[in-house]
């Protein structure tokens, strides 16, 4: 019997990862102390939960949804209404557990909408979720009592009904509340992948037909997975509501649904920590990049398109693909070509960024002839020379990158051969 | 093996990615001035579908700040406008509020979307309560929801545009004097702004002119209607001679154009026909038919002989072809802020907020006063008509411009407020 | 009453035909390649903007010819450089690729043409009243749109039925595997179909850009509804797209005219109930929801759509 | 004693074409039955009809005397009928061990549980290990199914088919594409794992068929033209004529 069958080692290894995660969450606010970074990290926590719940669909069960924000948003609205009810003395429920309200709401709507949508798979399923998403978004304008019209629903998270002696007014207290929920939700979703349902979700993703011939209804497996995913999306929505104290109609809408898809995909589908990377990265980019450049959506779109083309397994997929060489002690052989790749990659990127920034500057700027500051230089977008240099940089970078890519490909070939040889020896 | 090939490509793209994020950090950041400027956070959409409007506003603020700085700034300090992209989202705006507070920005200004303004009023209130040593004042240059200076009013919020109720009062006052108006149709966007206009329009007309018949009152979804001709058929069938609409952007352009194409002969009373890009897309369709109620349009500078404003708008338009000097109230806002800071002798948010209360300022068109009771600016409003017959400045190079029909003095725009202002205790 | 019905009918058909111009390209691309092109409406927007720029130089008629070709060539380029690489990762990856493309195209349009609406006008030659009915004018340009849409349907139909390329495409619609097996260059057909489909979207943009407004938000406003049309009609079915376009056009147009709520109807039947609840909401306000509701219902109960031959 | 599997007047039409034109077949419990026939005779279609993959146009299928036609595949599977596929049909991204464990989950009553951790279910894991051993795939335990050799994949396919403990097994060309030695190994395996089970097998390789089967049916153009013991089939003139001879 091979060693990995003995669960002890795996448990210790896993536990170490989770403890490390908890430590990181505790320490981060001491590293990034400003209230906006604490707020940004809180958002990251929210979106980690949301992206993980989305991965339960697309990554684990192969269900492409364009309407996952429905459960996120409705969960958030319900949580906020519950908080308002507590503030109005209609109800009493501790703030710490409020995300559960969102979770149960997400679960309930997941059951309702899931019962109709999960009967289909593939593109049909995707279209149904798109339709439901658009419908719920449109209905936000009709049911203004619940959705609060275009100004949304707002509340005050300081309810005075709490389990712990915190008011949750200060940002940092909310951060730790979200951190705790993130850990709990992530752990539960991780464990879920180890259950019969989780395994069969994978089975239905890989081969729905075979899943049927080992006794499982693909519809029911998808449905339960979908509803549970709605539960966790609802929790994320509840946390979001506590963080911002306001929910608006776009939170249930298609753009929010698209955002979670982007996060999950960029991070990496099917690898558990992929969506976590994606949520952190995309949240950072959304907040930070939009402050740097007017063209942040374009960078974002280009990044996504390039990822779909060249890195369909996401960032986590790239990392995971290096595990085997690492274990075989061959990872160092990539060092040189990877280092080589950085130079042309930076060149091409610098060229591209310069072109895009100059383009935006020309089309939108306050004063197009005024130089822009880029990479510590002053660049005049109206000068032809700047454009020539930028295009040249970009082109040269690309050409060099192609060459390096060849080297990397070759090196992968060698490493794979070496690993096969190692395996053969065993 | 294809899977491995993918991994290779993955490795390459991964590198691009990592360097991309590294570069993102190195992108330009605002250079630090030697002397700490007074910074105003401008929170409006700078990307997405409403970016054009947000962008035009930002340019105007920056232009005026530059002018002010050239004349010595405020209290010897420069004004810096820091643009933040809120993507039209209330939540993003709240996140920006925190960022702004972190960066030591104590003044924020916003205008596009009453829902964002509402969230900001709420957010600023909570922020100032939770962070009494780092307060923020919210100067609202365009959001017109009356609740902002009524139920939701806040000591930290100042409204520089006449609110929707005041504008409707001005419109109906003007209409009451137009004897040819017999049948009025209301068509509005189906959200609180449009709903308010529909209700207020009916109420006020009913009070002022009993003989006017309201022949229709329709709400349509915001930004969703591509073809307004069905609505036009209804207006036509109702026999209306006048239409009131609070629509803005494409909902307004498409509506008026569809009316023109169907040969509908009515007068349009609007709030936002002068809004960015709207004259361009309206063009000939609007000529002689579309009216708007505003605190400003460029030909007023000619009519009221305000050379300072004329040179300002000409310089501005020369610099930015395609956009115009849309908001006089931005200038009013900046001027009042300057006056208040000088009166308070500091840029301390609370002192400045107190100084702004009941402050008056002279504009070429009359006095503008910040009413202390609800922090609503009282300023003269003007009814204007779009057409070939304008004084000097056409709109967005269309060959059509705005001609003033009537002035509604500041006093006559007054609407009672239900605001119960909670003021902080004044530090002596 | 009759006049409003007649006008709603005319307007509904017109809007429906415009939708069809967009949907036909999308449904062709799906039928042939299995790709649901999320960026289809973005190509439509590109068509409008290109037409605006070209019409500055060559006038509307030049734009009418050249702009769709440019958009089609761009589509071909994107298919060759991007989509083809993604193809091997499956349909979901293709869907995601076009999804990302939406962001890129929409932003590039802003980069090139700016964020303001551009002044793309109806040509003088078509700027007159075609006829008047019950006192309402029917502009000639609407007639032109109708004419073009019908011409387009006929042209596509003939192309599919009469030409060799069309035969191959039609064969691919029903038996995608067979065409490759018969020795046709499937990748090249894919490129052609994608270019053709996006070119059609571009043509729709040329026609609609001046009828509506050419501005950066026009793709986002049109995108989801075109999807609804194509799904409703049955993915890959041209006839289905036509029927569904007309249905959606008429439904949305007529819903607008409904100035009653369910509660009002109950009240007129003598039942006073639910004025303050959902039932009291004016039916016209349900208008924007209806297409999506239709789509969800059809997908649940008849997933191949009204006239589709196979389920996606 | 009721038959394990009964087909009565089973028919299947695809559009105008009738592919299965009234098949009657009865398998006694414990019987190893092979279906042979020329390409396009409808053998795989017949499997798909029995296992619920396609709906019947008319007729009936019974499992242990109870009607199963009209049920969904997973319901048929739960009643004790399992099948393999002509084209390898595994959970490609899962390891060999996990493929086997997934095949056991329903049979061991885990259902759609999201409160058990499969790693902690020792009885379940042991059983999966036993199957692994039976298949001789211990060394490949943690290899993803997609990386197995072809013969290994076919072996695993048989393994997942029988793991759930179904007593009626349908195997669709289990040895197609194998080398001679691999084939002998597969026959041995099939013989071992189907002890006390009812087996219905489609196979082109006559060696396999005559080696394994107790009885053989010959399917030609959607009809069974003969159904008998191997020796009788070998001598049947009609079969010779329709299939073997010409």
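Every chain is named by a letter (A, B, C and D) in the order it is written, and numbering of its residues begins at 1.
Heads up, the rule we're going with is that contacts are C-beta pairs under 8 Å (C-beta built on N, C-alpha and C of every residue); 3 or more make two chains touch, one makes a residue touch a chain.
Since this is a predicted model, take the numbers as computed values, not measurements.
A.B. asks: Which other chains touch chain B while also touching chain C?
C.D. replies: The shared contacts of chain B and chain C, listed by label, come to A.
A.B. asks: Which chain's C-alpha centroid is most distant from that of chain B?
C.D. replies: D
A.B. asks: Where are there more C-beta contacts: A-B or A-D?
C.D. replies: Pair with more contacting C-beta pairs, A-B versus A-D: A-B.
A.B. asks: How many angstrom between the C-alpha centroids of chain D and chain C?
C.D. replies: So the centre of chain C lies 48 Å away from the centre of chain D.
A.B. asks: Provide the C-alpha centroid distance between chain A and chain B, rounded to the nearest whole angstrom.
C.D. replies: Distance between chain centres: 35 Å.
A.B. asks: Between chain B and chain D, what's the gap in Å when you average each chain's C-alpha atoms?
C.D. replies: Computed value for the inter-centroid distance: 72 Å.
A.B. asks: Averaged over CA atoms, how far is the centre of chain A from the centre of chain D? Could you give it in whole Å?
C.D. replies: Between these chains, centre-to-centre, one finds 43 Å.
A.B. asks: For chain C, what residues touch not just one other chain but two or more?
C.D. replies: 89, 110, 114-115, 285, 288
A.B. asks: Which chain B residues sit where two or more other chains touch them?
C.D. replies: Residue numbers touching two or more other chains: 6, 51, 55, 190, 221.
A.B. asks: Pull out every residue in chain D that's touching 2 or more other chains.
C.D. replies: none
A.B. asks: Applying that definition of touch, give me each pair of chains that meets it.
C.D. replies: Once each pair is checked, the touching ones are A-B, A-C, A-D, B-C.
A.B. asks: Contact residues on chain A for chain C in the complex?
C.D. replies: Within the complex, chain A touches chain C at residues 64, 116-117, 119-120, 122-124, 126-128, 130-132, 134-135, 138-139, 141-143, 254, 258, 261, 265, 295, 297-298, 300-302, 304-305, 307-310, 312, 356, 359-360, 363-364.
A.B. asks: Which of the residues in chain D end up touching chain A in this complex?
C.D. replies: 51, 53, 72-75, 77-78, 82-83, 85, 89-94, 98, 101-103, 105-107, 110-120, 125, 129, 141-142, 160-161, 163-164
A.B. asks: Would you pull the chain C residues touching chain A in the complex into a rising list?
C.D. replies: 36, 82, 85-86, 89, 91-93, 95-97, 99-104, 106-108, 110-115, 224, 227-228, 231, 235, 278, 281, 285-286, 288-289, 292-293, 295-296, 299-300, 303, 311-312
A.B. asks: Can you list the chain C residues touching chain B in their complex?
C.D. replies: Listed in rising order, the residues are 3-4, 7-8, 11, 14-15, 88-89, 110, 114-119, 121, 129, 132, 135-139, 141-142, 212-213, 215-217, 220-222, 253-254, 256-257, 259, 282, 284-285, 287-288.
A.B. asks: State the interface residues of chain A toward chain D in the complex, per the touch definition above.
C.D. replies: Those in contact with chain D are residues 1-2, 4-5, 7, 10, 191-192, 194-200, 202-203, 206-207, 209-218, 220-221, 224, 228, 270.
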